[in-house]
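Chain naming follows the written order as A, B, C and D, and within any one chain the residues start at number 1.
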Amino acid sequence: MLAGGCDIGSLTSKAVLMNRGRIVGAEIIKSKPEPGESAQEVMGRALAKGGYSFEDISFCVGTGYGREKIPFVQETVSEIACHARGARWLVPSARTVIDIGGQDCKAMRISIDGTMEKFITNDKCASGTGRFLEVMAEVLGVSLEELGNVSSSSKNPVVLASACTVWAQADVIRHLNENVPLADIAAGINNAMASRMAIIANNIGIEKDVCMTGGVAKNAAVVAALEKILGVRVKRIRKSDPQIAGAIGAALLAEEKISGGPQ
Amino acid sequence: MNNPFMDIARTLENKYIVQWKENGNAVIGYTCSYLPDEILYSMGILPFRMRGTGAGSTSIGDTYFGPFICSMPKCILQLAGEGSYGFLDGAVVIPGCDSMRRMDDCWRKAGGDIEGALPEFFHHLGVPHKAVDYSLTWFRQEIEEFVAAVEKHFSVKINEDRLRESVKTYNRGRKLLRELQELRNLKSSPVSGAESMAVILAGSAIPRDIFNSLLEEYLAELRLRKNPGTKKRILLAGSANDDVELLQLIEGDKAVVVADNICFGTRFHPDIVNEDADPVSALAEHYLFRSECPRMFGDYKKRYSILREKIDSAGVDGVILQNIRFCDLHGSENGLFERDLEKEGIPSMRLEREYGPMVETGRVKMRVDAFLERIG
Amino acid sequence: MIVAGCDIGSLTGKAVIMDRNGILSSAVIPVKGRPADCAEAVMARAMEEAGITGEDISFCVGTGYGRKNIPFADEEESEISCHARGAVWQNPGIRTIIDIGGQDSKAIKVDGSGTVLQYVYNDKCASGTGRFLEIIAGTLELSLDELGDVSARSEKVLNLSNQCVVFAETEIISLLNEGVYIPDIVQALHRAVAGRVAALARGIVVEPETTMTGGVARNIGMFRALESVLGCELACLERPQINGAVGAALFALERVSDSIKPGRA
Amino acid sequence: MRKETKEYNYDWMMWRIFEAASRVKDGSEKESRELLNYIPSFKAALEPMFSHGEVGTSYLRVVARYLDNIIHAKERGQKTAISTFCFSPAILYAMDVVPITLELLSVMGTILWKRGTSEYLEYCCEAGFTETSCSSQRGSLGAYLAGLGVDIDFVLCDSPGVCDTNANAFAFASTYLDKPFYQLNMPPNLTGERSREYHRADFRSMISFIEEQTGKKLDQDRLREILIEIEVQDEICDEIEELQRLKPNPAPVEYPLFIYATRFLFSGMKEGTVVLRNILDKVRENASLGISGIAGGEEKVRALFCYIDHYTTNFRMWDMLNDNGVAHLGGILSRQWDISSPLSLEKGDPEEGYGIRTGSLDEMIDSIAEINSRLPMIKSIRGPYDMPHMWLEDNLALARMYDADMIVYSGTPGCRNTWGMIKLFARDTEKQGYPTYIMYSDAFDDRVESWETTRDRFEEFLKVRRLV
């Protein structure tokens, strides 16, 4: 009785396999130009890991930008609903979920019974998206994970032109050229990111507990900066990789279908 | 069933305009719903509400406007620069908002650079931002100056009887539009938001008499339509929208936009103009005292109650509050609407978008779907 | 009397070595790490090609984003002045220069002596810059150099609505998802950038002859797109990419001839 | 907004800073240095003011006084009204209302604080206001929306039809805080009897609105005193403006800010007159010695600022001007249009400026209505661009009068108005032979373009256009 969740994002694709509330397979790959292709591959890999085949999936839910293009799903659901669902499973006490995707940034408020009360997505210029951090890390020549660690030793973080990714990048290059310590630049980047997220989080109104999903959740410095601005603790996700929260949510919805209605 | 309005909504120079011009009549474009169409129409001139749809880029627009400006006037200027508005004999710019007002300056400059980009007749109609006795006097004078300018340029004369006729014709159209809205309000509304949008757009783009008869036939057909009425009922509010595709994108197969509160929408002259009073005064009053646009500062409560009324009479499940980037007037009022609607338990979602060709549908679609799931 | 010009941009570093008779050698390398290292590397490459050493260079002018960090530069000049000087030297008829750089684009109006009369930078927001092209090329899994040829195969006109790089990227991803023909996307990309750049150029009123400098000028698709948006033919420079460095070298020549003038007198 | 920020009372905090600063110079040099250590983080921002001796300290004093009025208004039984910089506070003073001018507070915050006003800017967005709106209001409005300032009694603005984005901020505030709102609406054309009548009627109904709010009738004698004081201030400013035409310009680069800020804070009030007098004395002194006001002493370029200044932290714009020998000729903000001001005289159009008549109440109300309609943004930026007495016309006249070598535009991305016409403007001024530099930065928010970038680009312009 396998339930599948497949999240085809613009930058990465994720797949999760569940069996009676337990994750029995998960996979993340870089998205290919063709979403169907990404879906096949990422799900295929997830299955292979546990020695399963597509036949073993009794219900599969698709989500993400490419969701309409996934050949093997029975149903599609928006990533916002999936992320909320996944986050609740990862952090049952979560009432506010902040998700940083590759191309956008969402904040969701969930009621005690788990239904979505409200959500906001960042429509503004792209600073405040996962892509923003990627571009910056690239310029600094460090990996996304390093970006978090490097900044820890920062004494006085720079202030970045956070209005536009590419202009912020121009600033970063300037600071590099002026031999500003890498730590301070990195810290500046993380702060810019965090304050972007804080705006939309405060916009829907924070309810404790707060948790963060998406790849950026792995950047300790951003999370810390966000905590500082919001003045609340962000619950760390340990149960699994926060980046696959959307796929987990999809898989959970699939399980509901199998067992008929929410557990 | 064919919707005779779709083509009109999707093209600028529709076949009726071509006819109109062939008969040697003039067309005047305008930028904002505060212009009394009745007056021009009574003088045998077709008032055309300018749109920016169809602009493939804003290269010309960006030559004159700065970067932090709403893309709607940029697109309109683009089309003018590319000659798509060649059919206009005149244009009226109204200070609807800062971006629109500055189109006056930018268009004049573009006219200097690009042969034929600027219509021969070009007028600035200073509509006040408040509705009180002395601003009404001002507005009435503005209209008189406008009429004088039109009379002079097009060597026509305004005639009271024909003006009264024109007011009647437009009122007839208003009544029909109201009937359309009544159909949309039905539990099983037989008409989609996209179709209704097309109707309303056509209302600002073809001769009123033709519009009225087309709409009568269309309403008759609609009354025969059956519809299960199982879709989510949405109200669309916020910035001007002249793009049928946006409606189709929102509706998809799960939702129907049963009401709107947007410029180029049913906000377009809802109530009837007094046919007994002096026509010019009646029109001045009618147009100035309608306060649906946040350009009328300080009237939030009035606008909120108008919105609530529409929500109730259309039995709406959720409200989408959209605004074009850099449209601060609607953008921030949407913030207030959202706050107050949610307080009353009416699900609502703010959505900032780029005006122009709806190539980038991914983000909008994702938000709309999530919103529909939320209210479902 | 041998001089050098060194142009350290945000994407590539260029070096030119010249004497009064013209260019002796030049080099272009992608920027990696700190600009100083890039400057050393690209200059070394150029000197090797010319078969000379640092001692032979009597004066060097630096320009570009990293101009402040070129250890061996005797002086620095802004890209604007350098592109102006370089373009008019390459083609004396040039009066308007459009430079699509990595971080920003500029339109420059010059007189016959290569002196800047007026210039404008691109509007805030990066659409209309080389970086924009680069990011999107990455999304399409193409190299910058491929863009030109790919766009040549375009069949139908397509519009990109979004001006924000990252959102344009999203937009392009959804186009890819819809299986849109890639050359059409690239063509649309070129027209989008050209549109932005043209808007900027019109701001200073384009006068013939007009040319395009910077690495992007080698992208024929971009070149043609700009021509069609501006509605005029663009003069093609022989070496658009190193134009800035050429200009810098010319400034260097000027300095040395100034310094030896007293001797002549 | 950060939690800790929410713990500080906004205008009270601002008041404490200026209160302390305004006393620093009271004691001996040694005491002063001691005192400065109590406000270490503001040293850099305040030093430039101290460096201007009596001018600087008297300026600090009026700012402190202004803030003092705000935070003590309630206990003094006065009403408070948030208003815009382009609104003559005279009428409010005449009616015993304490004005809270958002843009002025934003300027102070931007200059003083390391992180600028970012927290308040962002709070506005958190409250549902658009991020694309003008930072000049958001930079302080955020504090009041968050309930960190004194209680507001009502909202007044005169920007509808002039700057809708500005007006929108006040309309939003009144709804969000649920406070009464009054707007003076400007017709697109300023001149002619029709406009005058409209503005009169509008101004009169505003007065009755204020009377309703305060429960006090307009005090004629008070109004007369204020109008007479405005005349005094105008005379002083007229002379300063005349002296700024000298080469070199005897006024230091900071003075334009001191002048317009003082007028926006205390138009028609003795407090303001003191500062303006000190400024005049210093400018006269420099003029008689024939020296430039620039710190370095050498005037290389004469720059006219066609809109606003750049208020980045610690007066760094003024440093930039001083370092490059750029004389600040002021701009529309530092000008006024009394009928006998140099600009009015130069343009010689009776419709250009305002005249003050203090006879009957009607005359006085007309005068103050006229003054209000001749404030910089209202007069120059109302539209469209080709109406008489508009932005371009005013600036070309000023550039000519003051023999400017260049024109500088600094604004905010939120300014639909100037960004809707700056390209046309720059084209025309360039055509007239004035190199025109457009700053793409935000005068109130370094995060749009870092100050370093702005400065580099500006200096590059000076060099490439061979101005230095």
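Quick note on the criterion: a contact is a pair of C-beta atoms (placed from the backbone, for glycine too) under 8 Å apart; a residue touches a chain by one contact, two chains touch by 3 or more.
Computed from a prediction, not measured in an experiment: that's the story for all the values here.
K.L.:
Both subunit C and subunit D are touched by which chains?
P.N.:
A, B
K.L.:
What is the chain whose Cα centre is as far as it gets from that of subunit D?
P.N.:
In terms of C-alpha centroids, the chain at the greatest distance from subunit D is A.
K.L.:
Determine which of the two chain pairs, A-D or A-B, is joined by the larger number of C-beta pairs in contact.
P.N.:
A-D
K.L.:
Quick one: subunit B and subunit C, Cα centre-to-centre, how many Å?
P.N.:
45
K.L.:
Provide the C-alpha centroid distance between subunit A and subunit B, rounded to the nearest whole angstrom.
P.N.:
Centre-to-centre distance between subunit A and subunit B: 39 Å.
K.L.:
So how far apart, in whole Å, are subunit A and subunit C when each is placed at the average of its C-alpha atoms?
P.N.:
37
K.L.:
Could you list the positions in subunit A whose residues touch two or more of the other chains?
P.N.:
65, 103, 124, 163, 167, 170, 174
K.L.:
If you look at subunit D, which of its residues touch at least two other chains?
P.N.:
128, 413, 423, 427, 440, 448-449
K.L.:
On subunit C, where are the residues touching two or more other chains?
P.N.:
In subunit C, 123-125, 167, 170, 173-174, 177, 203 touch at least two other chains.
K.L.:
Name the shape of the chain contact graph, picking from line, ring, star, complete and other.
P.N.:
complete
K.L.:
Give every residue of subunit C touching subunit B within the complex, in rising order.
P.N.:
123-125, 157-163, 167-168, 170-171, 173-175, 177, 191-192, 194-196, 198-200, 202-203, 229
K.L.:
In their shared complex, at which residues does subunit C touch subunit D?
P.N.:
Of all residues in subunit C, those touching subunit D are 78, 80-81, 115-116, 118-119, 121, 123-124, 203, 205.
K.L.:
What residues on subunit A touch subunit D, complex-wise?
P.N.:
Listed in rising order, the residues are 124, 159-163, 167, 170-171, 174, 192, 195, 198-199, 202-203, 228-231.
K.L.:
With touch defined as at the start, can you tell me which subunit A residues reach subunit B in the complex?
P.N.:
Residues of subunit A touching subunit B: 65, 77-81, 103-104, 116, 118-121, 123-124.
K.L.:
For the complex, give me every residue of subunit B touching subunit A.
P.N.:
Where subunit B meets subunit A, its residues are 325, 342, 350-353, 362-363, 366-367, 369-370, 373-374.
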